[in-house]
Amino acid sequence: MCAMRPEHEPSAGIPERTAASAGKTERESKRAAASGLTSDEGARREDAARRRAAASAGKTVLTPEEIRRALSRIAHEILERTHGGEGVVLLGIPTRGVDLARRLAVRIGEFEGTPVPHGSLDVTMHRDDLRLRPARALQRTEVPPDGVDGKTVVLVDDVLFSGRTIRAALDALNDLGRPRAVQLAVLVDRGHRELPIRADYVGKNLPTAYREVVRVLLTETDGEDSVLLGERDR
Amino acid sequence: MSSGGGVSGEASVPEEWLVKGVSLSGGPATDLHIKDGVIAGAGQDLAAPGARVLDADGLLALPGLVDLHTHLREPGREDAETVETGTRAAALGGYTAVHAMANTEPVADTAGVVEQVWRLGQQAGYCDVRPVGAVTVGLGGRQLAELGAMADSAAAVRIFSDDGNCVADPLLMRRALEYVKAFDGVIAQHAQEPRLTEGAQLSEGEVASRLGLPGWPAAAEEAIIARDCLLAAHVGSRLHVCHVSTAGSVEIIRWAKSKGWQVTAEVTPHHLLLTDDLAVGYDPVFKVNPPLRTQADIDALRQGLADGTIDCVATDHAPHPVEAKETEWAVAANGMTGLETALRVVQLAMVDTGLLDWAGVANRMSVRPAEIGRLQGHGTPLEPGALANLILYDPKAPKEAVDPAAHASKSRNSPFAGMALPGRVYATFLRGAATVFDGKVTR
Amino acid sequence: MKRHLISAGDLSREETVLILDTAAELASVAGRPIRKLPTLRGMTVVNLFYEDSTRTRTSFEAAAKRLSADVINFSARGSSVAKGESLKDTALTLEAMGADAVVIRHGASGAAHRLAGWVTGSVVNAGDGTHEHPTQALLDAFTIRQRLGADKRGTGLDGLRVTIVGDVLHSRVARSNVLLLSTLGAEVTLVAPPTLMPYAVHTWPCKAGYDLDTELRKTDVVMMLRVQQERMSAAYFPSVREYRRRYGLDAGRMALLPSHAIVMHPGPMNRGVEIAAEVADSPRSTIVAQVANGVTVRMAVLYLMLGGAGEAA
């Protein structure tokens, strides 16, 4: 007589979620599963593919061999200036600075026989251009167990340009502790500084026009080692 | 007994009109001659030398609409509406008579208050105002109000309702149903079992669940309707059910009618069109009692109105000042304005969907309400001799978005704001005098 | 990230994972000599709390301050709010004060929604009536991922089984968690007496059942909700004793859990009603961690909403 109310069976357990809503989460997990990747890996692969495509428009200014030699030289220079790497901590600035820092740490370890602590220092929260772009995902900050207090911290990055990234890194480092000294190692110095910042160790000095783009590719992230100089992306 | 109308105040310089080529409730084009407050003639190629001629090609003539359920707010809540502004809105919506609900301040539970409201309606002159008397003193649900005195007053009350509140006490409801038989009155019940709806905010269902709003179960309405139908049958009374909102209620009323019981019912325009999905933004313009429900309920209500299970459309025009609606949902007032949009919404929901023709609209919005309210002179066929209470309506007017700021009502709480509705009331005649012409009030 | 955080259902899986990953990164800030980041320097965050809640309010306050934002607290008692100032007028006042973000807790469902229509800043819903409490769900998800998940960047909670027990009908925590956890791929089951189960729960992205013991045996997480004693007078259940017997998590029930399973509670607890003291204090319990995680998760939310221009990548 009265209109039926929607399905409320008073039996054991309540009916499962509807097909529609079940479909939504199923679709999303299927998508994740099908790609077989976590969002991290997937993003890196996409990034690498994009870089390779764009890279075809640039000329090589450092070959893999030259990169290898430059890193070996920098490793030796660090050892020289820090009296054998005592109290040295390498902190790479994400993304590629981290891989470079690891490579330098490995080389130094090979030369001296003692491993050098290394890690990463994310500078996102200290950037001076935060309000100009949407909020960025944070990268990892991983400080070796002995910390930075009293240490000689060598910041490692791939390209030194305006110097603002390093300024942010100095601020970020300041919040972690009080190093005895801070030095900077970069693979490429392309000029056009906007702040009084200079590198202690340079792989290659590369004069560039402001509008040109320097692209560093590393095996760990891009599948190959290369430094390219090209025009700005349209 | 009395029509409750009488001679309207300043407005009624009787006018003489010759309306040419109008369709009478959807029928073939006809001429109408209006003179001295009545329809003087209806036919082809009428002559009326002294009359103002109105070319009504493409227009419909319908008997003036009668609303069984309006809140005019005066006395007491003049910040929301007055009898003058409310009846002006009614005329613009095509109404020639409205029944003003009793939940004013003070409550209309005595002959004094109902006569005051009736007189205010006369003075305003936009349409006939028939006050509804409260069933219980102060709407308190405990003691019967002086129903007989209100019936005998100049306001000639025939419909009694505690609307806003439910007459929940079954014994009291029985007594009220019995008592009004003496003067052919009818109790109009606002069906809402109070214990099942304490703190309720939105129809109990998927949307309310998701929004975290306490649910308003359909059973709270249906249980009272079922009880009252049985009581009315038992004591041999009429019963009128206000603002039916659920599919289950329609079924119960259909069943009661099938037994020959004297049960009548009304539905609001908004319950014919709007679902509870609209509450998703928590905008209290969509908060109303009874609440908006699901599409299945809407379909059942439309079908019920089409097949006559639901006798009529009643607006439940409920104006509220801005501060009562510009709040969080839980503290906002219940109600929506509706007089100026009712006919257009009914066209959209019932005529344009093929469920009801214009003769049916005339029946549901004029003839049946007048019968239920025992109102003379309204809802009568458009033929010579009848009082000229009628409207001219343009069903093909280009669809226009509803703009509450342009409404004659003092209040702006229309749920149809921004919605494109068809149709336009072109003119409203109250006993032969145009209260509205070319979509605007005449004074 | 969108301009407002009002419902957990507003967040896609990507956005949710981004918040969790950001929070994971920010968690290390608490261990540093300088427990502060300059990111929101010069921004104003207003805590607009109409309901008393020291725990949530101080959590948001700590989060905003650790990002160097200025914090202004509006609490209901003794303010213009208590004197009957409408929500809209309060909103206009906050606008005039230049609030970049308003964190609102209010007793009416939909209050955060309404506020969002009246301010130009960002609105964070810290609990509106019985509707939602999205940052609670985020910190719960973060805690689960930390204790049971891969705890790697970019991962969700796929395949984890979460059982939420208690007064689901009136729980904004439950609503937000059902949405958020299922977005992250978890399988959510609600357990409550029929009177406290929402009317249309069969349309929600979760399962529902009346028997606690059955569900405990096969769950990875059990989340206990607070039950208010006032519900007894509205006949939701006959007595506290009966509720505790049928739906309370005591030591005996805790023993039914798989060995790795954890026990959660959004707080504040009714020790001895929905949760026994020994369960609350056991190693399975994440209740204390949830509080700490609340600050880092809220830092992540504030950073992603305010730390850049427009919507986050």
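Chains here go by letter, A, B and C, matching the order in which they are written, and residues are numbered from 1 within each.
In this text, a residue touches a chain if its C-beta (ideal position, glycine included) is under 8 Å from a C-beta of that chain, and two chains touch if they have at least 3 such contacts.
Please read all numbers here as calculations on a predicted model, not as lab measurements.
Visitor: Hey, which chain is the most central one here, using CA centres?
Guide: Chain nearest the overall C-alpha centroid, as shown: C.
Visitor: For which pair of chains is the number of C-beta contacts greatest?
Guide: Answer by contact count: the chains A-C.
Visitor: Taking each chain's centre as its mean C-alpha position, how far apart are subunit A and subunit C in Å?
Guide: 32
Visitor: Take the average of all CA coordinates in subunit B, do the same for subunit C, and state the distance between these two points in whole angstrom.
Guide: The computed centroid separation for subunit B versus subunit C comes out at 46 Å.
Visitor: On a C-alpha centroid basis, what's the spacing between subunit A and subunit B, in Å?
Guide: That pair's centroid distance is 70 Å.
Visitor: Would you please write down the residue numbers of subunit C that are in contact with two or more other chains?
Guide: Residues 200-201, 203-204 of subunit C each touch two or more of the other chains.
Visitor: Can you list the subunit B residues in contact with two or more other chains?
Guide: Subunit B, residues with two or more chain partners: 205.
Visitor: Which residues belonging to subunit A are in contact with no fewer than two other chains?
Guide: As it turns out, subunit A has residues touching two or more other chains at 6.
Visitor: Provide the residue numbers of subunit C that touch subunit B in the complex, in ascending order.
Guide: Spelled out, the residues of subunit C in touch with subunit B are 86-88, 106-111, 113-114, 128-132, 172, 175, 198-201, 203-204.
Visitor: Taking the complex as given, what residues does subunit C use to touch subunit A?
Guide: 1, 13-14, 17-18, 21-22, 25-26, 28, 32-34, 36-39, 152-156, 158, 182-183, 185, 194, 197, 200-211, 303-313
Visitor: What residues on subunit A touch subunit C, complex-wise?
Guide: On the subunit A side, the touching residues are 6-8, 10, 12-18, 21-22, 24-25, 28-29, 32, 38-40, 122, 125-126, 130-141, 171, 174-177.
Visitor: In the complex of these two chains, what residues of subunit B are touching subunit C?
Guide: Counting only subunit B, the residues touching subunit C are 201, 204-206, 208-215, 281-283, 323, 326-331.
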